[in-house]
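As structure tokens, here come the structures.
Two complexes come next, and they have one chain in common, chain A, joined by chain B in the first and chain C in the second.
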Partner chain A sequence: MTFIAKPRVTHPSLPQNALGLTRRAYEGALSTLCAGCGHDSITAAIVEACWRRSIEPQNLVKLSGIGCSSKTTAYFVSGAHGFNAVHGRMPSIAMGANAANRRLTYIGISGDGDTLSIGLGQFCHAVRRNVDMLYMIENNGVYGLTKGQFSASADVGTRAKKGETNLQPPIDPVLLALDLGATFVARGFSGDKHQLVPLIEAGLKHRGFALIDVLSPCVTFNDHEGSTKSYAYTREHYEPAVLADFVPSEAPITVDYGVGEAREVTLHDGSRIVLRKIDSDYDPTDRAAAAAAVQARMSSGEYLTGLIYVDAGEERPDFHQVNATPEEPLNALPYEQLSPGSAGLRKVLARYR
Partner chain B sequence: MATSAPSRINDFTLKIATVNGTGSASANTLLMKSIFRSGVPVMGKNFFPSNIQGLPTWYEIRVSHAGHLARSGSVELMVALNPETYARDVRELVPGGYLVYDSTWPRPVLLSRSDITVLGVPLARMCNESFTGVRTRILMKNICYAGVLAALLDLDLARMRELLGETYAKKPQLLESNVKALQLGFDYAREHFACPLPLAIEPMNRTAGHVMIDGNTAAALGCVFAGATVAAWYPITPSTSLMDAFKGFCERLRVDAASGVKRFAFIQAEDELAAIGMVLGATWNGARAFTATSGPGISLMNEFLGLAYYAEVPAVVFDVQRVGPSTGMPTRTQQGDLMACAYASHGDTRHVCLYPANPAECFTMAVEAFDLAERLQTPVMVLSDLDIGMNDWMCPELQWDDAYRPDRGKVLGREQIEKLEKFHRYLDTDGDGIPWRTLPGVHPKGAYFTRGSGHTQFGTYTEDAHDYQLVLDRLMKKWQTAKTYVPRPLIEGSGREVGIVSVGSGDSAVREALALLAAEGISVDYMRVRAFPFGAEVERFLAEHALVFVVEQNRDAQLRSLLTLETPVEKAKLRSLLHYSGLPVSSRFIVEGVLAELRGRPSAVKPSAVGA
Partner chain C sequence: MCIFRQPSNIVDATDTSHPDYYHRVVDCQWACPAHTDVPEYIRLIAQGRLTEAYLVNRESNVFPGILGRVCDRPCEPACRRGRVEDKPVAICRLKRVAADHHEDIATRLPKIPKVKNGKRIACIGAGCASLTVANDLLPLGYEVTMFERYSVPGGLMRSNIPAFRLPESVLDEEIGMILGMGVDLRLGTCIESLRALLEDGRFDAVFVGSGAPKGKELRLPGREEAAANVHIGISWLESVAFGHIGHIGERVLIIGVGNTAMDCCRTSLRLGARQVKVMARKPRGFFKASPWELEDAEEEHVEILVNRAPKAFVVQNGRLAGMRFDCMEYELDARGRILSERVTGEEFLPADDVILAIGQENAFPWIERDLGIEFDKWDVPVVDARTFQSTRAGVFFGGDAAFGPKNIIWAVEHGHQAAISIHRHCQGEPLGERLPAGVTLSSRKMGMHEWSYANDYAPIERRLMPHVSLKERFKKLNIEVELGFTAEQAAEEAQRCLNCDVQTVFAAKLCIECDACIDICPVDCLTITGNGAEAQLRTRLKAPAQNPAQPLYVSVALPQTGRVMVKDEDLCVHCGLCAERCPTAAWDMQKSHIHWPHAADEARVLEARKPKIA
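Then we have the complex of A and B:
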């Protein structure tokens, strides 16, 4: 248990968002993860982002698979429906749910085991379909609930708590997503809320599949000397490429951009992401260059973070655009629009006589 | 009918043996439809290989003035066009039968029987002389044999031309060559043989008000009429045509002409695991959604089916059964998934299953499946099979009641949630074991967490023995409720000592067998099981008969197992008649099975302790 129970009262001095809700309205059940787990920091960042975006709690849908990461959907926005699917199969639940009602906001929380091993196929196909959702991987390189086995994101040479060294190359979700045509690819670190919150805000608003891979150290099984996913190692080796600020459509840009060159990306609803480049040569709208930069950093043992790639014009159609589904959610279409009735049946059957 | 042979007017089986990928399907459909339009009951069964081109394929047409639409178990007229299978095709003919073959090449093997009439037609030679192009010559050979059969069976040539006209309305060149080929065969047969044969077609009026339709098409129509909006699937024989048909109907009936907007989502998934996941996601979110698959897909869907059972998420799954185990024989039929569907997934799971017997029931049961799935908040499996799904069946024209509205079950609306002090997802408030559910996007007070892990009746996570058991027991209560919701068995006759029980596509063979047995002086009662769980009527039928034959199309007597597991019936009095060759069961198989059992007994009924 990380927290003690907090009373559900709203103090008048607590700041409210556009819906008049305080951050408390975006909290969930008590976390049962280990004290100091990176995942809890991510949960806090999600709470903050949802509050800032004034998402109506009932209009958020939380989806997850199985594992430590997948438990966390219970720990934020208790007013939102949650679906804890089977291991590695959350993307298909998300696809179906999204097909039924395109108006809701979908956030999927997964882990490196859930996404990169058992769920690799479904993950890839969700990216291909460009399902309109924010997909977050809480990536710690290790299986927690089964006590410390390497996951598919474990780096070569990283050492397990019990002493074993990993020799198999990792699967990097960021590179994979870039390769599969993802329209929004980011990487964060659970220890850097300042970077993470705007990424989540932008990911929630992005139309299509948004991936945020969050390095999230496991304090119990992967936070030792020799691990490349420990807090210490990650702090030292995560390199922000681009600082992203999320600017809602109604707000003017007031942030002072001191570092590098700033660039705006406008999302479908008019909101904007302002990207501040740390390295002036980095172009987060160039897929191939982004992949090359990620790879270059990786070869020197570093993780490139920030908004690594974004489809600037949101040119790739999402699932519903491809399918030409109506604006009205499919689950709300009146029956009369779905059935051709007895006259329609007679017409259909004419060719079966 | 100038012949002295016994008349088989409107009562015979015609079988065409050819090679797949040569275009014989259109000729066979032409024959079927022209018989159907003559008002004569007819059934076509396609025995095709799991292959694109070049392997043996057969098409069996049963003509029955009495309306028997199962395989009879005998063949009176064989059109043998595949040298590779000549030997067995000739063997299959009944004594006194007729054999048509392509006499372009000498085939001494065909003359091995003296008790049949061999009719040689130089199909290849005629087509080579009349048409150009290799493909055209091959294709026209088929229409040519249809012409031969038209003469031999006294089919209405004008009607056949009319059918060709409908088929090739937009391809006048094809129409011309088809009509020519038809006439070619017809004229040859008229010139060289005594036409018609004693087993000819004589127009009747027994097909009015009927359609010829396959079960997959009918099931797809049912999905359209049930208001399904999300279809997710992974291609697998023999279920693919169900999804193709759904897509086709939706594109005709559910696309806005002006905007091109589609009032449905059709998703080809990456595998069956994803297909069922998408269905669950969609139904959980308030859409009507379904998938169609076959045995291997059911195996893959097991994990999610268990979740759907336990987390109480509606789903409709069509299992168009094919031959197992494993990949089995994908293009042959079987009822091999009865057990796998009833108890799919680990732990204490059980699923509502519907068993259509023909395309008409595929249509009605598809609609029922959606209503049941939402009323009971659980997966409903519709177990069709390849025979029903892919063969053309003559069945009463499908009817639709415009008063129908989907039964969405217990779903709380905004106002209802607003009034609640607190919403509890898994609480049995009505005493029927069915809790209320809510949909995302409606009200924050309606939010709950759907999970496959242990949960309390309030919807919270639990590892508590008592809380866990409360939910499991309530699910069993829901199961009892399901018994009263599902389609009842169809029962014919009562008071006799012997009964027959069947399921699904075995129905038509059993019906004919009943008539044949009655002609032998043996009267039995009949029950066709139409759903799982079994209700009180199933138990009563079993209890009221001293000996019960269970007719099913699998090796392991799966229906019999289900009956013994789920009802108090004494196992010894259930006698299995098992047909699992991959071909649809014939009426003869059932008659012989029943007679073998009964004739060995001093009285009709003497159950022994010996199993089936």
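Then we have the complex of A and C:
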């Protein structure tokens, strides 16, 4: 970590977004993570994506659980709403907040411990329910805050800093999410913002549950030789399947792609994701094929990255449709609508007699 | 000199071992003709070590008290703070703080050997260039004889800069330090013939530092008839300085709008003028005066009239009555250059006195033209720009005498370089094979999160220089207008310095490309990207690199991906966060010390080369 605050001084010709804000307006508090932590790069990618999407800080909700990853919500968009939940319980809070106000943009930040160990049940149900949020896992394969024990995402055969070898199979959040019917599944790498930023932009705009699992090396406990989640190892073994460019709805169509080279997925607000395939056989809208490809790469020790699966037709109902949540935020509804009144209460109670 | 090779497809890794690379990053030091170590002395001021700050200054610019008041400050327009924010650090006035409050430095000046080296040097003129030569050569055992036509030393510093800008006591102190080293000063001695001096044979080398003492004339109708009330600026200032002139008419016109014009108009106000107008031929953008000198004159209600071209002196009843001007109109292009001009009318302005301040020249009626000293077509001597030697071996020129009117700080550097040449000449060494500049780096890391320099960015604005009130300052000719910074102001202003000499030094082989430095950099000057041609590389940076005058640092290929680390030096605030955030110490903050050799360094190296007899 560092004790020197980032000075307020900026590059004098920093570009502004549609709200007239520079990227610096989307920063947060001083990071207290280790210098070189992958999580800080992800924070910077989120700052960039929120700035590019011109998200109004007061319309963003940042949620997290416990862990190194979960500290990072403090480090971006200081003008947003924030909630630090109990370990592994962030999805419940996200769901509740979502039910109360569907107009806000929700971003949940979690880690491999918070999501795949203590919070695995919560995570699975949030995927299943298709909660309208962007859920990011800052995945480093170790418990950094407790000094580097293997986490549930540690690969078989990876070595800890102290020398032990991991023998238990990992839980892969991407495969899990595909299996549970997630409508937007992506994997990124903290060291590749070129790939990560458009994924975050698209994830923020996706309706329903969007998962981005980000390989984020732990510079202190998992960046040594023998680790399968070090900077060097990840660079050698991450394989982009598709390049996703996010095209906002207001942007004119300017890029011509050759037939078969790219395909577009239109999101509910009219913005588009242009998918440029690296492997021409890969189809990111075919759930079964995507899962198979991820598994095939994994067995040869590689991580497939990019936008791995997206529900092109958005046919699965999201949390709001299933639960018929009100369009208006609860805090904007008149009292009469929010409260059934004593007559209404009697009617409700009568149903249980 | 070009230190960047630019092949067509990719940029070669920057060679930071070249002494100019890190020197260039310290914009102020690079812009200073004498390469004063500005950030170092500002740091010393911030620590309250004013005597040390003074000595750092004196090493390169010799006259900190004088220059702290009247330097043309090429450092300030270059200052990085002026690019990051609006206004540069008040470098010049901080220099004055050190000069105003330093303790006695007599024991810390170079020792003068009792046993001389047997070489005698003649300096013609006792101005800043000659004094610098003496300052550099006396400690090496030379005997220096200095000839000065006036009865006081100081040259144009004394005769042409009004006392309300540069008090006599400051001149006396700093000139005295050098004279005290043992200069054989011959006042009131005008050299009438260089031949006589050379044939005398007493001197091993002659340094001509006689300045540019001839003011330019304006030949217009009526000039002769009005002669009694038309003055040549620099001669007039000289007469005021020496007490020969003590009065001027109520209405004064100053022709020309350079720094001499500013001194003339402000001096006029102190000698009885009520209405002073400075007449400029061209629009404001073309003024030669420094912005701060214009500002100070306008504060005293001097009116500057633009687009008036002098046409004639008007004489009535045998006395100057005023001047006629053509009113001009200029068509400018987008970059502000004049495309065409036309006269739109004529104007008469009444005046009791006119002062001509349209430039000055050097004049050498005392140098015979058959001495082997070549003169060019403008009748100025041909002088080597590096060695300052004329075409006759052993005769050197410096200051305004060498390349025409410049500034004190230029004359000082000429003096330093000429001193090196004189030393090499007297030791029988080729003049051209001088010591090259050098650079040493030393880390400022003290421990975890500890750096031995103040690296927090102080978001304060430039402090304003307090002035004597308009009512008070005209009471006497020699009331210094600027009061100097208070201790508080100096402390605050010193914090505005960005410590550009504490360099960001990158070791590519240690980099794991985690992006930590890029994410934390407050001014977005770092990028990791694929290599490419420089112009193309500039378009791919995290923030636009729009200042091509500032170099890009490009690393060798990084170990993991083969990409390169690129740093746009333009706006780096040297906060050190890249080094603070770097997990592998690939970035480090290292203080660069630029070695800009002086005669003493040459002497040391030449001495070390001599065979030792055991």
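By definition in this document, the second predicted complex is superposed on the first by the 319 of 353 C-alpha atoms of A that agree within 3 Å, B and C clash if a C-alpha of one lies under 4 Å from a C-alpha of the other, contacts with A are read in each partner's own complex, and residues count from 1 in each chain.
The working rule: a residue touches a chain if its C-beta (ideal position, glycine included) is under 8 Å from a C-beta of that chain, and two chains touch if they have at least 3 such contacts.
Keep in mind that this is a model prediction, so the values were computed, not measured.
Peer 1: Mind working out whether A:13 is in touch with chain B, chain C, both or neither, as first, second, both or neither?
Peer 2: A:13 contacts chain C only, not chain B.
Peer 1: Go through the superposed model and pick first if A:35 touches only chain B, second if only chain C, both, or neither.
Peer 2: A:35 sits against chain C, while chain B stays out of touch.
Peer 1: In the overlaid three-chain picture, which partner chain does A:43 touch, first (chain B) or second (chain C), both, or neither?
Peer 2: Once the two structures are laid over each other on A, A:43 reaches chain C alone.
Peer 1: Would you check which partner chain A:342 touches, where first means chain B only, second means chain C only, and both and neither mean what they say?
Peer 2: In the superposed model, A:342 contacts chain B only, not chain C.
Peer 1: Let me test your reading of the model: by the given contact rule, A:240 touches which partner, first (chain B), second (chain C), both or neither?
Peer 2: neither
Peer 1: Tell me which partner A:223 touches in the superposition: chain B (first), chain C (second), both or neither.
Peer 2: A:223: touches chain C, not chain B.
Peer 1: More residues of chain A are touched by which chain, chain B or chain C?
Peer 2: In the superposed model, B touches more residues of chain A.
Peer 1: First (chain B), second (chain C), both or neither: which does A:89 touch?
Peer 2: The answer is first: A:89 touches chain B but not chain C.
Peer 1: Where on chain C does chain A make contact in their complex?
Peer 2: For chain C paired with chain A, touching residues are 83-85, 449, 455-457, 459, 512-516, 518-520, 522-525, 543-544, 546, 560-561, 571, 573, 575-577, 580-584.
Peer 1: Residue numbers of chain A touching chain C in their complex, please.
Peer 2: For this pair, the touching residues of chain A are 2-14, 34-38, 40-41, 43-44, 190-191, 193, 217, 219, 223, 231-232, 235.
Peer 1: Okay, in this complex, where on chain B does chain A touch?
Peer 2: Touch list, chain B to chain A: 36-37, 211-213, 217, 221, 224-225, 227-230, 232, 249, 252-254, 256, 260-267, 269-271, 273-287, 289, 303-304, 307, 397-402, 404-406, 438-453, 461.
Peer 1: For the complex, which residues does chain A have touching chain B?
Peer 2: Interface residues on the chain A side: 56-59, 61, 73-74, 78-86, 89, 91-101, 103-104, 121-122, 124-125, 129, 323-326, 330-333, 335, 337-342, 344-345, 348-349, 352-353.
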